[in-house]
Structures are given as structure tokens and as C-alpha cells.
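In the two assemblies presented below, chain A is common to both, partnered first by chain B and then by chain C.
So, the complex of A and B:
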């Protein structure tokens, strides 16, 4: 049949668009959950601009009438916050770099090399994730004291440089990289170290970003570790340093909140910078966000 | 000089043996193809030659050196993988140059070799692209180019065409054959596609269950298969088999209630005392005709009725699928044949080209 001979199409009926109540309900729930999550942050920022006595005033005054910007100046003078920030940076950066190195290195072996008892060893290592830190916190402290490492950042670096979770995360990602790439590289003449450095690392940016965010945020926000190991003011991190605003008789909540806002900034920067890879990483490592 | 000898080569994974003590001599500059169904050990054999799998026992000799413990990079080989294995984060140029860079070749030599290979493979305009921006066929060429620039003595190709569409596969088959002639190197090629094997190889190695069944030129494999497996595997559509019993002192066979004549080369090959021996008669699809061909001795033919179940027109020929004497068969006849599904047609079987196999051992007589 030629095109000319085809019958003209009948006028098409467009069905009436119906209100999608399911979608509306989903949006309402999502907006409510978002507000619930954001409220404490907004409250913290609001409180950081208030006098101590106004912090807990009810009803909550979300936008202070006379914002106390001085809070953000006082926090640097009342306690050595600059030193604490430096300490925290030092600790976080060293731990993050070491964790990335050790995790991706071990993960490469577990994912791409063949050696006896590989899977048993991996399972045993991964099983340590299930052990709560509180269980071995004290013996670990005793051990570190034995090494003379209490009141040093080195103690925390030693404890946090290795993580079963990081190895697990990186290994799962490496498993998704075809073995043939490593084999092609071996035939091309590369050593295993070379393959790890020049093939696996560049290809695992999403996983590395994910691990960087996890490690950075965890180490930066760590409270219990520094609380146990660091008692001298010179080595304190920001999270336990802020506690110096709380004394026996007074709690300077305005300043605490101002310092908390400051301590949040690096975490936000790291997260925003790596967020694009992070989302990709969460998807590709099969982790739920 | 890059002849390769596999001497009693064996590969075991735990208690499972996947390659059983195979012996194979591959001549320098030969194009040899390992072919067989999935799990026959062909890829494992190739990977042992590449050095990507440890050899459980036996020796692998390249040139005049036993290379069992020599790492892949020192074996003077290059490999093309089934999924190409191009480095996704590098450009085509970098992918091709990478092996030479690792060997600290001078920059100008690398440049020259990469450009030469790119010209030959017609990928010169793609050198700055990343692999993800290439089509399957282009990736395949880059993978070949990466192997070429190294100028290895031996090329190992592991099902390199299996991810391409049918048309491109045919084109690349010809390209690889030409490349072999141009490069003057030993090619060892693994495939499960017997058409690839037939069209490209100097010699074909047919493998099954970790054993080599036959090593020969493509035509010899087709004409003189040593057993039923090789006979059935080589050739498309595959050979038809009929259960028969030896009769009349080996000059004919019984098929159902009929007697079919056997050519002299088969009756002479039957061992003494073969009366009533259960055998399988093999006839290739092209040995069925609608009318007697002029060059065939009428005494060596038999008329057989076939119930057609499916007629597949291929253009140049017609494939008739159906039942003949209770056996499922495929006959390749002229496209002008009018038979269609449901018809009953009389075909003339040319028994002068028949094959005869022992039913128990499946070994061929007279080859």
C-alpha cells in the first residue's frame, strides 16, 4: 500500500490528566523529613548568634533580633581554638591519607591477586567490623600507654590508619573492574605495584572519594577517641576542645554553637567537593546511602 | 624464531583437571586456532601460554626456552582479550603506547610505531579519543593495535571477535588474516566459532573436555575427522549421523530395513570380524541431492525419503530440516527446490563421501 492510499488518522483522544495523589504524598513526606533533618542545623546556626540566656528561649526565635557576631570572635580568644583546628586538620589529613593507602592496597590484593586462604583471611578481617570498639577500647588504651603514646596524635593515627570497612569498600569496587585490565597490564610489563598505582587507583575515583568523605568526616568528628587519648590542651582536637566552654558552673552555649558551626565548615567543603563522585561511589559499590 | 611446544601440559584447579596433558607443536609464524565448545580448556591453554595461569605440570617451550616460570612480560607475547581490556582512563594513543613506554622505548620510536599501527588499522583519526567514545569494532582495532606496536613474536587472541556483530565479524576476520600475513608472526587464536576457525587458520586444534581431539588443516579436518565429535563440530550445518550395522562383509551397512552401499575406502578400513558391528554413518548436508549429480557413481547412492519440517532459504542454497528414516537430518539443496514444511521429498544420498564411526568409541574408520 502506498503512502497516499493510507487512511487519514482518526482524531486522537487525549485522556484527562488525573491528580497523582501518590506523588503528592511522597513529596510531602520527603519535605517533612528534610525539614526534620535540617532543623537542628538551623537551630545551631541561630543559637551561635545568641547570648547564652537566649539560646533555650521558647518559643524558638529562629532569627535573633540582635545577632551576636562577637561570638565568632570570642571563640578564638577564650580557648586556643586555632591550635585545636590545626591539631584536628593534622590528625584528619594524616589518617585519611593513610587509610586510603592501606585500604586500597589491601583491597587490591584481596580483589585481584591469588594467594592461599585469601577469602578466609578477608572474611576474618571483615568480621572485625562486627566487633564494637567499646569491647577492645580499654585493652587498646593499655597497649598504647605501654608504647608511651598517650597524649600524642600518633596514638590516634596508629589506631585509625587501618580499617576493615575501607578495605571492604575498596575491594567491592575493585571487583567490578575486569580482571582482564590487570592481565593486559601484566602482559604490557607492569608490576603489581604499577598496576595498583597506574590502573586501579585512577579507575577507582568514586570509591576513593567515598572513602575520603567517610574517613574525613569520621575522624574530624571523632569525640571518643581524642577524649580517651588526649588530655593535654596542646594536643586536643576541636571536638574535645569545644568542651572547654563547659565548666563546672557555666555552659557558654552561644560560643559552643559558634565553634560547632566553624568546625562544620571543612566537613562541608570536603563533602561538596567530592559529592559528585560520592554519589557515583555509593551507587557503584552497592552501598545504600 | 618463535615456535611453541606444549609438552604434556596440564592445568588443575583443586581437584578439577581442565587441561589434560596436551601435546602440541606450533610452528614459527603459523596461524593456529584452538576451537571447541565452552569449557573445553582452550582459553585456559591460551592463558597458560600467556603466563596468566600457572602450569600445573608439563613444559611450555617458546623458541628453545622452557618458559613455565617466566613472567608474561618476558615471553615476547601480546594478547588481545575478548572484552578488549583497553585502559578506560587513557586515550587510544596512550593505550597503544603504554607497553612500549613501560619498556622505556625512545619517544620517537613509540610515536612511529603507534602511528604506523594506527594507519594499518585505520584508526589514526581516533588516537586522541578515550575507549568509551569508540564503537565495538574500533575498540577491537585499538586492542589489535596495542598488540601490534609491541612487535611480539607471538600474538595470542582470545575470542577477539565474539562481541562484534555478524557483518563486522566477517570483515574483521579478513583483516586479521591479512594482518597475520603482514606481521609475519605466530598467531594463536581461540574461538568457539568453527567458521572463524575454518576461514582463518593454517591449522585448527579441536579440543573437548581438556583433551585435543585433532590437529590438522581446516580442509583435512572437514574431509577426514578422526571421530564423531570433530565430525559434528566442524562444518555448518553439522554432519548428519545414522545408526547402522555393518553388513555383507563390510561392503554395505544396514540402516533400518534398508541396505546402503559403503565405498571401498571405508569397507577396507573395517577391521576383520566387523560383521554386525554397530556404527554411525556420517553424511554431510551437501551430500544429499534432489537429482543424481553427473560426477557421482550411481552405485554409491541411495534414494531416501525425507519428511520436511522446516525449509530455511539461505539465498544461495536451501536448508531442509526434517526426519529421514527416524533420524533428524539437515540437507543442503539447490534454492530452486520447491519442498516446503510438511512435504515429503525423495533425496539422493551420495555415499561415496560418507564417513563411518564406531558407535562405542566414536572413532572414525578409514581416516
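So, the complex of A and C:
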């Protein structure tokens, strides 16, 4: 697909100069695709800085003439956005920590210890990975209600902290660590807990990062769970908080967009900080939470 | 696998060895179970229990307050009389049938595009991936505004391009367009994720294959059909299984964009489960619908496994 142009002067030390049409086409397509992916986000940010009546002005004014930064002040007072953000942070952090601790703990036993029913127990985990949560969400809700946990964040913690996915992911990683390492540590008199803490955990940082991002992103963005469990404003997470805001102020587009932008920021930060691991993690496990 | 219990017994009286061995064995067992317990107890109570409960509940009548009654196959026969269920069943199939191939093609295209040596490749990959991690509410709201039938920018652009106002698509509000809108949204949101899986697959293809093809003078198109696509077979299988399962579970985007409407034109299975359970409080029946979802997912996964195996055998 390339056309050879005039040979460049020898002083440039390039034998040939080629106009690579294939490459140019690639760039054009890449940029077009990227713009399509990005357009909704750019539009969102742009709309979040506009007056409601200007949001739908056409032709689209991508950079607002008088950016209304007040939108970003107003959303915090119009709805308890701060509370929603705090709730979501609380939930996300507790779920992520619990998930990491309990699943790496269990995964160690599944990967490196021998005990009766090991395979049967592991099979129970595997069998539920393909089971859609939606199949058992109703009985789960009834059970939680029996425990008196509706309208608490605890319910959502219980829902999300003990997933089969976490155990599976960590176990797969631990399997790749040589048994000799544990064996050597055992001969040196280290307890199993010591091996887990001093050897396995430090070695499994890639898997831990992957699980952290997966858990963080799924918990932060979870919608159906909070929708079912949290009906009181005081306990709502940001996702359903924003939904409440949308249904209350249907016409206040600028504010709705500002709230949406705010809800994206934490995920954006975590994603950018850990995205290298995220991509590696997907590539190696190919699964999601 | 390591065997922790068998260490060479040295010159000690046999009885003491046996006793200490037994204790060590119990000790090891307790250690192992102590590792598993924190996660497994949570998992058993909050996942395994409800799963068993769900299968039983499908054969009961229960509104959540009054005593549970045995229903036998009532809920099952109700499925065939329930028009909303039938609509949601077919809509889920249509949604899946369209979303899976579209996402697959888009993800593969993106992966091939972003697997080339181009400037700021990681930056472009990150952008393509971002819709997947972005919170659904935020992007669904934007989507609703962009595709607003009266004053959304998309229709404005179509109008300026000369589409007659009468022919402008009604998107989420139109009976024929609502499903298309949801499908477009899903493809846009999820293709970045599957692109990453494809990228990993592409990196696994040996460069020698392409070099050999170059020597034989193969065109880019031939290389794609004869090398890239067959070599990506396992990845495509994996992606299509994952996509199918996710598509059957679709709820969030429908709830945010169309609320199942207009009419029942975008009503899907999970939405119906949700409505039957948390709006009508017919928990038994909603579990029966959930069971349908389960067997659908199971069935499709088995079929896909089978097809791939046959495919591989044919190739071999």
C-alpha cells in the first residue's frame, strides 16, 4: 500500500523516503474512532458548564462562551451529593479490602494446601461464576430483609465482598508461583500464615492490582444492587443518587451533566493510575466481576 | 502439589510419631480451613444459599409477607400466558443476536487498528477502553440527551444533512428504534473491553506466520482471513461466550434509556424479573423467569462449547 517517493538526499542517512498511505489511512481511522468514543464525554463536560437552555443549542458549541462553573457548586447543595459520594466511597473501600483479604486468603489454601474436599469446594466457586446474579437476586434480597439489612450499606458489602471471581483470579495467579518457594519457607519453620503474608502477597501484586480495579470499578458503578436495596436518601450511592436527581430535576440539564461528570472522576483517577495493570489483568484472566 | 504431612520420620518411637502425625494432620487441616473460612462462609451464605433458594422459590407462591405456598408448576404454565414475558424473552434474544456480533466485529476492528505501530498507541487504547469503566448512569444520561428525538444533537445533525423532520428517528421513544438505540449504546460501551482481550490474542500470533505470508506475496486481506482470523479462534470463542452471557443479563441500560418501553418493545428478561419481584411482589413467579434466564445462559454456553469443539476437530 506504499508509494515510493523521490530518494532523499544521502546526507539525511535515510535510504528512501516513503509516503506510507496505509499508515495515513490508519491514523485517519484511529482519530475518527477515538472522536466517536470521546464525543459523548466531551459533550457531557461541555454541557455541564452551560445554562440549561444552552445545552441543546445547535450548532453545538463545544467550548461554552461563558462557562458556568456555578453548576459544579450548585449540585452539592441541591442534592446531598457529598453524602452520596461518601456512601459510595465507604462501600467501595470496604468491599475492595474485604474482597482482597478474604479471596487471597482462600486462594492460598486452594492453590498451595492439601485438604479433604478441596476440589469440591473449589468447584462450588467455579460453578457460580457463570451463574448470573440476576437469577438469585430476589431470594438474596428476601434473605437480607430477614436479617434486617435493607437500606444499609452492609447488605451491599455482603453481596459483593465474597465473590467467586476474586477467589478464582487469585488462585490462578498463586498456581503460577512455584511450590518450592513455600516448601523452602516451611523448612525454615515459617507458618502457613507467614508464607501467605511474607511470600505470596508480595509476589502477587499484579493479581492484587487487577482485583482491586475490578472490584473498585464494579462496586462504584453498581446500579441494580443499590437500586433494590437502598430506598432511603441517607444511604444512597452516587449512581442511584444521580438517578434520583434526574427524576426530580428533569429539565436542569446543566446540573445533571455536572453531577455525571463528578460521578466519573473517581473511576477515572483509579483507572488512569492502575490502567496498565487493568489491561494486563484482562488479558491474562479475560474475566470480569 | 505439595504434601505437607509426609515428612520423613526419624528415629523416634513409632507411637509418638503416629500421635504427633495425627496432631499435625489435624493442625494442617485446621490451618487450611481457616484460610478458606472467611471467604467461603460469606460465599455460602450470600451466594450458594440464595441460589438453592431461587430454584425452590420458582415452584412456590410467595408475596414476601404471607406464608409460602407450594405452587407446583403454576408458575411455569404462567410463563406461556404472560405476554410481557414472551415479549421480554424474544427481545432478549434479539438484543443478544444483534449485540454479540456487532460488538465482536467492532472490538476486533479496534484491536487490529490499535495493534499497529502508531504514535500514542496506549493513549488511543485507553480512550477506547474508557466507556467500559465509565459509570453507566452518567453515560446513559448523556446518550439520552444526544439522541433526544426533538432537540438532541444527533437528530439535529441528521436534519441539517437533509433528513426530513418526519423521517427523523425517534430513537428511545420510537417503537422501532428503541431497541436499536439500546444496542448501539451497549456496543459503544462494551467494545473497548473486548478489544483488550483481542489485543492479547493478537499478540499471541507468531510473527513468522506473517513473514511467511509476505514471502508468498499475500495481500493484507488474505493475511487477515487466512492467518489472523483462524489464529484468533479461541479468543473469538471466549469473547462470544462472555458477550452472550452479558447480553442475556442486560438490564441497566434498558432501565436508564427506555424503561422497557415504548410498550414492551425493549422489555428484557432481567427487567421482567425485577418488575415481577420488586413491583408486583410475585417472588415465586419472578424466580421462575430467573430460571428461564439461567437455562438460556447455560444452554447457549453449552452449544457454543460444542460448536467450537466441532470446529477445532474439522480444522485438525
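As a convention for this text, the second predicted complex is superposed on the first by the 228 of 289 C-alpha atoms of A that agree within 3 Å, B and C clash if a C-alpha of one lies under 4 Å from a C-alpha of the other, contacts with A are read in each partner's own complex, and residues count from 1 in each chain.
FYI, a residue touches a chain if its C-beta (ideal position, glycine included) is under 8 Å from a C-beta of that chain, and two chains touch if they have at least 3 such contacts.
The structure presented is a predicted model; accordingly, all values stated were derived computationally and were not measured.
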Exercise for review: Figure out whether A:203 sits in contact with chain B (first) or chain C (second), or with both, or with neither.
Suggested key: first
**Study point:** Contact breadth on chain A, by residue count: chain C or chain B
**Key:** C
Practice item. Considering only the touch criterion stated at the top, classify A:273 as touching first (chain B), second (chain C), both, or neither. Key: neither
Review point. Is A:123 contacted by the first partner chain B, the second partner chain C, both or neither?
Key: neither
Check your understanding: Is A:186 in contact with chain B, with chain C, with both, or with neither (first, second, both, neither)?
Key -> both
Practice item. Answer with first, second, both or neither: which of chain B and chain C does A:224 touch in the superposed model? Key: second
Check your understanding: Once the shared chain is lined up, is A:178 touching chain B (first), chain C (second), both, or neither of them?
Key -> first
Exercise for review: Name the contact category of A:60: first (chain B only), second (chain C only), both, or neither.
Suggested key: second
Review point. Touching chain B and also chain C: which chain A residues?
Key: 183, 186
Check your understanding: What does chain A use to touch chain B in their complex?
Key -> 178, 180-181, 183-190, 194, 199, 202-203
Review point. Which residues of chain C touch chain A in their complex?
Key: 1-5, 28-29, 31-33, 35-36, 38-40, 42-43, 45-51, 53-54, 57, 64, 110, 113-114, 116, 118-119, 124-131, 133-139, 141-143, 145-146, 148, 151-153, 156, 188, 192-193, 196-197, 199-200, 220, 238, 242, 245, 248-249, 251-252, 255-256, 270, 273-274, 277-278, 283, 286-287, 290-291, 293-294, 297-298, 301
**Study point:** Contacting residues of chain A [partner chain C, same complex]
**Key:** 1, 23, 26-27, 29-30, 33-34, 36-38, 40-41, 43-44, 47, 55-56, 58-60, 101-103, 105-106, 108-110, 112-116, 118, 121, 124-125, 128, 130-143, 145, 158-159, 161-164, 166-167, 179, 182-183, 186, 191-193, 196, 217, 220-221, 223-224, 227-228, 238-239, 242-243, 246, 253, 256-257, 260-261, 263-264, 267-268, 271-272, 275, 279, 282-284, 286-288
Revision key, fill the gap. Within their complex, chain B touches chain A through residues 50-52, 71-73, 77-79, 81-83, 85-89, 98-99, 102-103, 146, 150
